[in-house]
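As structure tokens, the structure follows; a few thoughts come after it.
So that you can tell them apart, the chains are marked A, B and C in the order they are listed, and the count of residues begins at 1 in each.
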Amino acid sequence: MELPVIISQVLNGIAFGMLLFLLAAGLSLMFGLMGIVNLAHGSYFMVGGYVGLTTLEATDSFLLSIAAGAAAGALLGFLTERFFMRRVYGLHGHESILLTFALSLVLSDFSLFLWTGTPQWVQPPSLLDFSFSLLGATYPAYRVVIILVGIAVFVGLYWFQERTLWGAIVRAGVDDKEMATGLGINIPLVFTMVFCLGAFLAGFGGFVGSPILGLHIGLDVEVIMLALAVVIVGGIGSLTGCLTTCLLLGMSDTLGKVLWPNYASLTIYLVVVIVLLVKPAGLFGKEAK
Amino acid sequence: MAEALRIEHLSKFFGALGVVQDLSFSIPADQRRVVIIGPNGAGKTTLFNLISGELPVSGGTIHLFGRDVTKTPCYRRTRLGLARTFQITDLFPYFTLMENLLLALQAHDPCAYQMLRPLQSYKHLYEKAEILLKEMKLWEKRDFAITALSHGEMRLVELMLGIAGGSKILLLDEPTAGLTRSEGVWLANMIQHLLKDVTLLIIEHDMQIAFALAERIIVLHQGAIVADGRPEEIRTNPRIKEIYLGTVS
Amino acid sequence: MSRVPQQWKHILSAAVSAACLLLVPVLPQYAVTLATSIIIYSIYVSSANLLTGYTGLVSLGQAMFWGSAAYVVAILTTRGLVTNLYLIALISLVTVVVISAFFGVLALRVKRLYFMIVTFAFGHVIWCIAMYPMQSITRGYDGIKDIARPDLGLSLSLATGTSFYYFVLVVAAICFSIFYLVIRSPFGHAIVGIRDNEHRMIALGYNTFLYKYISYILAAVFSGIAGLLFAYFNSYVNPSELHWLWSGDALMMMFIGGIGTFWGPVWGALAYTGLRYWISSYTMYWFGIEGIIFILVVLFFRGGIAGFVMDVQKRLKWQRR
């Protein structure tokens, strides 16, 4: 492979990794704080993308569509948390997996009903719909923007987590729920907030990612499987670790699809198995649960 | 074997925190009632967890009836004659009293891995259970769900699970925890009466019961033994009073 | 109503059920086919129930064993490598034992939720392997077709729907009898103890790892038996038999039927297959409806159908406890 191809694939991988980060950050926080695995997270991504698409077709405003997609995600997250997750907190982790899996089935068929099974493509906004040359390769500007957006989200989340009171509250809740409640922190409210934030990011990611990934039924499963792999391999409790793992897995998946297309998924999940058996807390994980 | 239990230079660290430090003592096989007392955080339950194998040691050795069990897995120590009960009652919530007891009895029986013959065909287990239940005066409640028993009765069942396996040394972690004074006295009497041939190592917070039961008292403080002797000696030891009343660190 | 003795009620319901089962072939062909698949699925779900409902290990990897057994049958039969049914069954089950023995040792090192995830991940790896690296043997996405019905060697043909139905019924009866013996045995009692309080079981002197390991392998073997029956029944095997969705379906059927109960898996297989068949004829949105049903069961009917039936019986005072 020549250099330009390698570079564009690596950039693709990083861009994809950023989209994964939008999903994995929320997923990781939900697991760390509430001990639940939310398999519907991929559905928020997909539905957010579809809602954004419909908004775009109606209003022609990319920005409005982003907001619509993110809001759709947040709404779904709120409804999930309020009506389903409340009942399974404190139960075994597998209850949440099964429940959210069932929810993802419902959302998937719901999307199929509303938007049909035909794959859709979203054009990047005309402002960003150009390519530029980089070391001999022509590269779409939009993907670079995605990378920048991802970095911005990371910085934002990091600042939120480390430097704000809300962030400290969330971190306290992750470390020791009972103690946090004892200190007067409204844990249920924190849970809802975290859920909505994660789902918001997912919906956001679904639409801003749609010029790259497209929108099709089954996207939810594809992305959730990778996001899950990230959370397991990367571990929870470290935002930087999450980002790093997203980039690693994003690149593995993208390069894998180019170099050995049939083995990409296999390799990633083999790594998942090995990590689970050797260091269940994950590569960057803080504590084994 | 002259010794039921021998602990040598036992230590346990959680990170930099030393919960048990250089502990050494031994219990002769004919000694029956050893009570461990000490303020909260002295390391008593940690000591039990080390002896039973639930926690790995950071240093030192544990010998059970002459055998080094420091690295032996928890379940195998039970096979060698050690059993324990827990401070917080830890029974099988979906089983009846009889079923709870059968689980304890079947553990050391050759039929434990039997997959094709029904449990009910092993009459000898039921007979042993009957003997135990009648001694504890719980025979009439044998088919009750375990959750239907009173707290005191559950503490008694907790005790029964400890002795059902026929162990020769039993670790009792605060057997009277959560009981009223009179229930505690009743349980202490049961212990005296039923476990005449078993060496008991008891953690106890209730001083009256501790001194009434013990033939030897070990006082633990901040992970180390500060006193070890007959009840009369301990009772008059000024250091013990200081530890409990907090004037000494 | 309570004047009828307990035994008579059990004998009566057993007799009625047996009669229904034996008389299924009088129904039209599609019903016989449906019934056969339900019985095969109930063996599969029962094996998962042994591991999950009775031992407390939630696994998302049972499809691995169903599919492996099915593929072994498919490969050996269509390539004419082995023709003896009993030898094929033996090889198929030995394969399953080897896989479960190897993987069980690894998987059982991790705790509950992580066990579920690692079984899911490993199952997915196996699916990937069947799809691509082993494509020359498994024919990948296309799957293996035209698996001929086995020859029992008893001058009985299993080619018809009816004869195969009875064959499956006999195998199921044997499997369920074994399940019954295992559940009522000391081993069965111990695994439930491990499910409810593993910590105490260890303190009582049980080698809980060994019990869980045996349970895992046993569950794998019965999933394998179901898988091999399926290969002959369906005469077509493709990678979806190894997919985690099928492992998830086992869990769903288990929950719907009543987890940790003896007949739960049968109710679950019956309800699930029947519903799928019926609803699919009206709409293509079967998955969404399946999801809704499952959510309702998990939230409101935690005991599943079996639990519901037991509640009703209690209310009618048919049972003492």
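One rule holds for everything that comes next: a residue touches a chain if its C-beta (ideal position, glycine included) is under 8 Å from a C-beta of that chain, and two chains touch if they have at least 3 such contacts.
Source: prediction; values computed, not measured.
Student: Mapping chain-to-chain touches, which pattern fits: line, ring, star, complete or other?
Tutor: Contact map by chain: line.
Student: Taking each chain's centre as the mean of its C-alpha atoms, which one lies nearest the mean of all protein C-alpha atoms here?
Tutor: Chain nearest the centroid of all protein C-alpha atoms: C.
Student: Find the chain most remote from chain B, comparing centres computed as mean CA coordinates.
Tutor: Centre of mass proxy via C-alpha means gives A as farthest from chain B.
Student: Where the CA atoms of chain A average out and where those of chain C average out, how many Å apart are those spots?
Tutor: Averaging C-alpha atoms per chain gives centres 34 Å apart.
Student: For chain B versus chain C, what separation do you get between their C-alpha means, in angstrom?
Tutor: Once rounded, the distance between the two centres reads 43 Å.
Student: On a C-alpha centroid basis, what's the spacing between chain A and chain B, in Å?
Tutor: Centre-to-centre distance between chain A and chain B: 50 Å.
Student: Taking the touch rule as given, give the residues of chain C at its contact with chain A in the complex, in rising order.
Tutor: 58, 106-107, 109-114, 116-118, 121-122, 124-125, 128-129, 131-133, 248, 251-252, 255, 285-292, 294-295, 298-299
Student: Residues of chain B touching chain C in their complex?
Tutor: Checking each residue of chain B against chain C gives 52, 54, 74-76, 78-79, 83-84, 86, 90-95, 99, 102-104, 106-109, 111-120, 122, 161, 165.
Student: For a test of understanding, state which residues of chain A touch chain C in their complex under the given definition.
Tutor: It comes out as residues 35, 37, 84, 87-88, 92-95, 97-99, 101-106, 108-110, 112-113, 225, 228, 232, 262-263, 265-266, 269-270, 272-273, 276-277, 280, 289.
Student: Tell me, which parts of chain C touch chain B in their complex?
Tutor: Spelled out, the residues of chain C in touch with chain B are 178, 181-182, 184-190, 192-193, 196-197, 199-208, 214.
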